[in-house]
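Listed after this line are the structures, all set down as structure tokens.
Okay, so chain A shows up in both of these, paired with chain B first and chain C after.
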Partner chain A sequence: MNDTVRQFRDFFVSLRLTVVLLALSMILVFAATLDQVNLGIWAVQEKYFHSLFVLWRIPGTAIPLPVFPGGYLIGGFLLVNLISAHVYRFKLTWRKSGIFLTHAGLILLLIGELLTGLWQEEFQLRLKEGETKSYAESYRYNELAIINTTDPKFDDVVAIPDQLLADQTPIQHPHLPFRVMTKEYYPNADLRMRASTGDNPSLATAGLGPQITVTPLPLTYKQDERNWPAAFVELVGPEGSLGTWLVSPQLPAPQAFEYGGHSWRIGMRAQRAYKPFSLQLEKFSHDVYVGTDIPKNFSSRLHLQTADGRDDREVLIYMNNPLRYAGLTFYQASYDGEHTTILQVVRNPSWRLPYISCAMVALGLIVQFGIHLIGFIGKRRAATA
Partner chain B sequence: MKRFIPFLLLLLGLALIGRSLLPPRNPAKFDVIGFSRLPVLMNGRIKPMDTVARTSLLVLCNNVSNDPANNDAARSHRIATPDDRLLTPNEWFLDLVFDGAKADTYQVIVIDNPDVLSLFHLQAEEGLGKRRFSFLQIRKYLPELERQAQLAEPVDSQARNAFQRSVVQLQSNVILYLRLKESLVASDSADFLGDLMDFQKILPAGVEAVRAKEAKKTYDEAAARQLLDYGERFDHMGQLGYILAVAPAAGESDANGWRNAGTALMETFQTGAVNPHVMAYAGLAHTWRADRPDEFNEIIRLYRAELEKGFPAALAKCDAEMRYNNVKPFTTAKMLYVVALFAALFSWLYWPREFGRGAFSLVALAWLLTTAGILTRMWLEGRPPVTNLYSASLFVGWVAVAFCLGLEYLYRNGIGSAAAGLIGFSTLLIASYLELGGDTLEMMRAVLDSNFWLSTHVLTVVAGYGATYLAGFLALIYIVRGVFTKSLDKATADTLARMVYGIVCFATLFSLIGTILGGIWADQSWGRFWGWDPKENGALIIVIWNAIILHARWGGLVKQRGLMCLAVFGNIVTSWSFFGVNLLGVGLHNYGFVEATFWWLLAFVASQLVFIAIANLPLAKWRSFRA
Partner chain C sequence: MRHRHALLSLVSLTLLAACRESKVESYRVPKEKPEELPPGMAAGGSPGAPAAPGSMDMASTTVPTASGSDLTWTAPAHWKAKPAAAMRKGSFTVPGDNGAEADLSITAFPGDVGGELANLNRWRGQIQLAPLSEGDLRGVTTRIEQHGLTFIVVDFANTDAAGPRRILGAIVPYNNATWFFKLTGPDALVAREKPAFLAFLQTISAPAPAAP
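Moving on, here comes the complex of A and B:
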């Protein structure tokens, strides 16, 4: 083995590297925590943890400078360091078994987090008492839905993610006899009824749009607020423009229009994920402690039904007691008034990994420190005897 | 002579505990204690009047952001009246709920902010201790206070300035005061018992008159008017009254049956008879104001006997809680820890064996006392020991001292006792400030309402905090003894290094497992294992720091002094996670904003950095280790 390779190996298996990486990760976590006050939890995760480098824009320009290693870089190095150190120093002895088990558990935890970051999907399910839904909605992403309602037996839906609207790319879809052109897209906007005709005329020429003014707002990062996008969308057929519609999830219902002998509806709504089963809210309960506003319990009694009728039963979801079904987990997340429940719906195929790694780490540390402690007490006995 | 030292110290400890266990005595002829044991429902929990009185007084007299000297004065638990009497909290409370006009002259409401004072056209000098004012003094300008509070409330609680914070706090205190006053009897009535008698008498005629009026027949206008007047007053009481003192019918276990006097009186219109519980309280008010102790005591006895039929368990718990409030085990333990600390310090200078043993027995006593206190709280609340910041602080101290007892048992060199004294005292001191926020036996918010996770995740994490602090405090002992005294010889230094290393191992174990368990809880209740929430990050930073210490030592990157510096820095890391993240005001885990904490935290961090700097003085400057 030549010197370069040895140096390389020594670098990656060294405890010094471990300590430096741990220190870097601590600084990263600390800075990210402080920055949550400014950026909110989502942006912080993107900027600090789901990145190779923490970027800092030179004020006044758009030039990003990497100023600190990001979560993926530090995590990656830690993983390499951990694995190579163990491969290099691996000896199967009792004395080392605890340390080995602990670190294997940590590796599993890191990998689990990486997989979660890649695979996890989160949605919301909002149900009024008596309402039935077979889809969950995203609370961060929206879509433009153009629905052909001509056939009374089914709707033909074309859903366009709002990211495409934001890019303002013209969209042509085989099910649509027209092109969709985005004239204007606001990631967050306030909608009001137009007070008088004196205001600047609306970009919209059809539907509800002309009666509404749109004021763009800065993006909010607060956890208890959400961004309400809005867009002006023009539909262009072979013979020219059909008109420009204002769409936003804030508008209560999709707007109807007729074209080419078909009935259409257009609207922006939260992105939907359809499921092969439906949930009906039978009862939502919200208890507080007597004489206070402190919430005691939230619970939703639901009826779960699959299309094929194999599952047809009642389920109860409450705090700390989610429903796990069909690879999804339903949590009691929030509520809106007395009769509307908000469930969080999560798909995370790697949710079991932390449980396994917790057991491994606990066992490993107990074995390791137990061996130390027994040895130590033995020595004390010998010394005092 | 010197061989009596351990015995004398133990005796002193037992005497302190014994004194605190003496049953409380009535200050005068009135059975104030009997009253203080009566059960009521407030903030979602059945508790004795005693707890309501003490916590209300603490909230009114103090708010957490004030300076400690004043808080201690208020904490002497005596209220001075204008005619120079000293009242216990329960006597003050009796005046407040039964004799409002008198209570309005007592200076109990804290106003610190000079700008707020000027709203009331008051000078600081007009207040008791330049900061406490009577309701009478501020009454005239309450509408202005309300207006200011309405202006301040829309501002995010984190973004409020000192004036806005004080205004909002004061407004909520004033509302508490007014609501307490309206809970048992109508505060503006000169003789509420007489009113109720009168009400009972006119009730049949009044009801008839009102019915006739509704049926558009001729009716007795005066009777109807009188009845409606009573109805309005009772309704007002029902809406304001804070203490739910009227128990449900005997045998009914649903807590929703508890209500305040006003609500219970409104039921009279259906039942036709005034609720006997309300009558009892009106009778107590009457005899309290008329200074007729014998009748007062008799009503207490009869009322209690009546409650005994339906709620024996609640009464027993309230009796126990009242006793617990009086015994104040944590106050006594705090004193014992101080004495133990000094005994341990002395043991390094003179008579190590004797003072060492004395210190050990005092620490053991204090620890047993805190154990008893924590167990009592657990029984009262029906919860695992840690449910809020206050109880976490108690438990951190308990765990750390438990470790210290183990260390002292193994090494018998006074170090464990000294660290125990220091940590035991500090954590109890911090707890006593957290107590100023109100009743510390709180109800758990829905998401936290899980005894399983409270007793696994929370306990392990908090034990990890305790162990990390202990390692830091042991390192402080190493630094102080080494730099400032000649007492740190090679053997002691090595022992301390082994202790710190061992405790850091435990700290890693607990904080790592606790943090992962927390992730699993989050997965159970929110659907994500890890969300980079500030509280989670705080716990993670402690884990990382402990891992750094261990790896740095294993890799030979630090020697003894380096280990000590790292351990001292652990104090900073833990304090930030424990208190600092609460100051950020984001995230799901927040317990609430404690402003003064920020400055204390900063001062603590600075002091720890100073110690680290001192530890880095060249060895030649150390008084120990000099050749």
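Moving on, here comes the complex of A and C:
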């Protein structure tokens, strides 16, 4: 082993690194908790925990400076530290089996958090009574949907994530006879109808866009508000531009146009995740404590159906009683009025890991304390005998 | 060296955690039913864009309006105001007996939004009524002139359905936009609310022009 490798090893196995990382993580959690007032929970998670570094923008510029290690860096180093300490320093003996089990639980917890960050997807499903949907919608991400509606029974959809619009990447897709070029993208914008005079001309040349002015707004981080993106999108065919459309989830329906003998619609909407099954809301119940408006219980009775007929049954989702189906968990999250339910739909293949790791930590501690207790009792007996 | 590789791969895995993939997807889905809102524009869009988890409703947003001037109105006292959702100028719940409810929506869109006939047929489609032809329009619409505005008022009911439903609506062209006032719900409740709805229409007016 050469010196460099030894230095690396000594660095990663040291207890001092553990203490420093734990101290850093405490400061990170404290700062993130305070910053929730300004940024809200989503942005705080992204900025402090789902990042390698906490970035700070130099005022007046867009230059980000790393000012503190982020959650992934601290968690990653803790993981490496813990594993390498076991590989190089600890020796597995029965007397230390409890400590090993506890540490294995901690390692699993850190891996679980990493996998959750990588794999977890959160969507919502909003259903009115009687309504059926086979897709869930993203809380935060949007997409540009270009839909070929020519077929009388089916819609052929090309969905472009708004991140690609933000990057202004030209998009050529085999199912589209035109290129999609983003002229402008605003992550949050206010739409107003154009006054007859005084406004600058719109970038849009087709659809509703020419009659609407778009005012960019600062991003909002409040938990009860959302950002409403807007974009000017130009479609370019082999013979030139087809026009520029304004798209935004605030415009409630896709705008229609004809091209190449096909009927098309273009619009921006919340990102959708289609599922191989459908849910119909049969009944939404909302109970409050008598004489108050305080929610006591709310529940959704749904009809679950798969296209192949394998599943066709009623399910009841209520608070703390989610539906787990096809790798997804449906929680009763909220409601809108008396007849609309809002379900949170979560896909997290690693959801069991935190439970397993907590059980391992608890069992490890019991084993370790048990070994000490037995040893202590044994010594007392020997002393009194 | 073996251990160093293990450490490096762990660090790489950690770095990967920062990446999220964005890619274009294409798929085929069965045609969707037209959305309830707004009339004249509904064709598979998603007006109910999701709100943040835990919130009761989506953030209220300003709807496009002409020169920033909106129509104004006074709703009957027993109508309960709801938070305005995206593209809704106003929203009320009209309570009835035994938990029945009707919904009053006020929306505004640029231009003529497809024209009078298309919008009225869209409303008819929402309560499973057959579409009208251009020639039928005169017989089903009432035109009211007041406060310098023209109201095209309709009353559509489907009493054959299992749950009879009715739509009372008014279309008001104003300042290069079209405003829609629509009361929809169970037939009996909406019919009972008709006088209140017509009285409500009489309160609608355009703001006075600013003094020079």
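Note that the second predicted complex is superposed on the first by the 335 of 385 C-alpha atoms of A that agree within 3 Å, B and C clash if a C-alpha of one lies under 4 Å from a C-alpha of the other, contacts with A are read in each partner's own complex, and residues count from 1 in each chain.
The working rule: a residue touches a chain if its C-beta (ideal position, glycine included) is under 8 Å from a C-beta of that chain, and two chains touch if they have at least 3 such contacts.
Only a predicted model underlies this, so the values are computations on that prediction, with no experimental measurement involved.
Chain B and chain C, once both complexes are superposed via chain A, fit side by side. In the superposed model, A:346 makes contact with chain B only, not with chain C. Legend: residue contacts after superposition of the two complexes on their common chain; A:44 is shown touching chain B, with no touch to chain C. In the superposition on chain A, contact of A:314 is made with neither chain B nor chain C. Within the superposed three-chain model, A:121 lies out of touch with both chain B and chain C [touch as defined at top]. Of the two partner chains, chain C is the only one that A:270 touches; chain B does not reach it. Legend: residue contacts after superposition of the two complexes on their common chain; A:380 is shown touching chain B, with no touch to chain C. Contacts of A:322 after superposition: chain B is touched, whereas chain C is not reached. Number of chain A residues touched is higher for C, counting chain B against chain C.
Look at A:337: by the touch rule set out above, it reaches chain C but stays clear of chain B.
Of the two partner chains, chain C is the only one touched by A:12; chain B is not. Superposed on chain A, the gap between chain B and chain C at their nearest CA atoms measures out to 8 angstrom in whole units.
Overlap of the chain B and chain C interfaces on chain A: residues 122, 223, 333, 344. The touching residues of chain A, counted against chain C in their complex, run 5, 8-9, 12, 42, 50-52, 72-73, 75-76, 79-80, 83-84, 87-88, 114, 117-118, 122, 124, 126, 134-135, 137-139, 147, 149, 152-161, 163-164, 171, 173, 175, 190-196, 208, 211-212, 220, 223-226, 228, 249-254, 256, 265, 267, 269-270, 274, 333-339, 342, 344. Those residues of chain B that touch chain A in the complex are listed here as 41-45, 242, 244, 255-256, 258, 410, 442-443, 445-447, 449-450, 453, 498, 502, 505-506, 508-509, 512-513, 516-517, 519-521, 523-534, 537-538, 540-541, 544-545, 547-548, 551-552, 554-555, 557, 581, 584-587. Contact residues of chain A toward chain B in the complex are 14-16, 18-19, 22-23, 25-26, 29-30, 32-34, 36-37, 40-41, 44-45, 49, 109, 112-113, 116, 120, 122, 223, 288-292, 294-298, 319-322, 329, 331, 333, 344-346, 348, 351, 354-355, 357-358, 361-362, 365-366, 369, 372-373, 376, 380. By the touch criterion stated above, chain C contacts chain A in their complex at residues 1, 3-4, 6-7, 10-11, 13-18, 22-32, 35, 37-38, 41-59, 61-68, 82, 86-87, 93, 99, 101, 108-111, 176-177.
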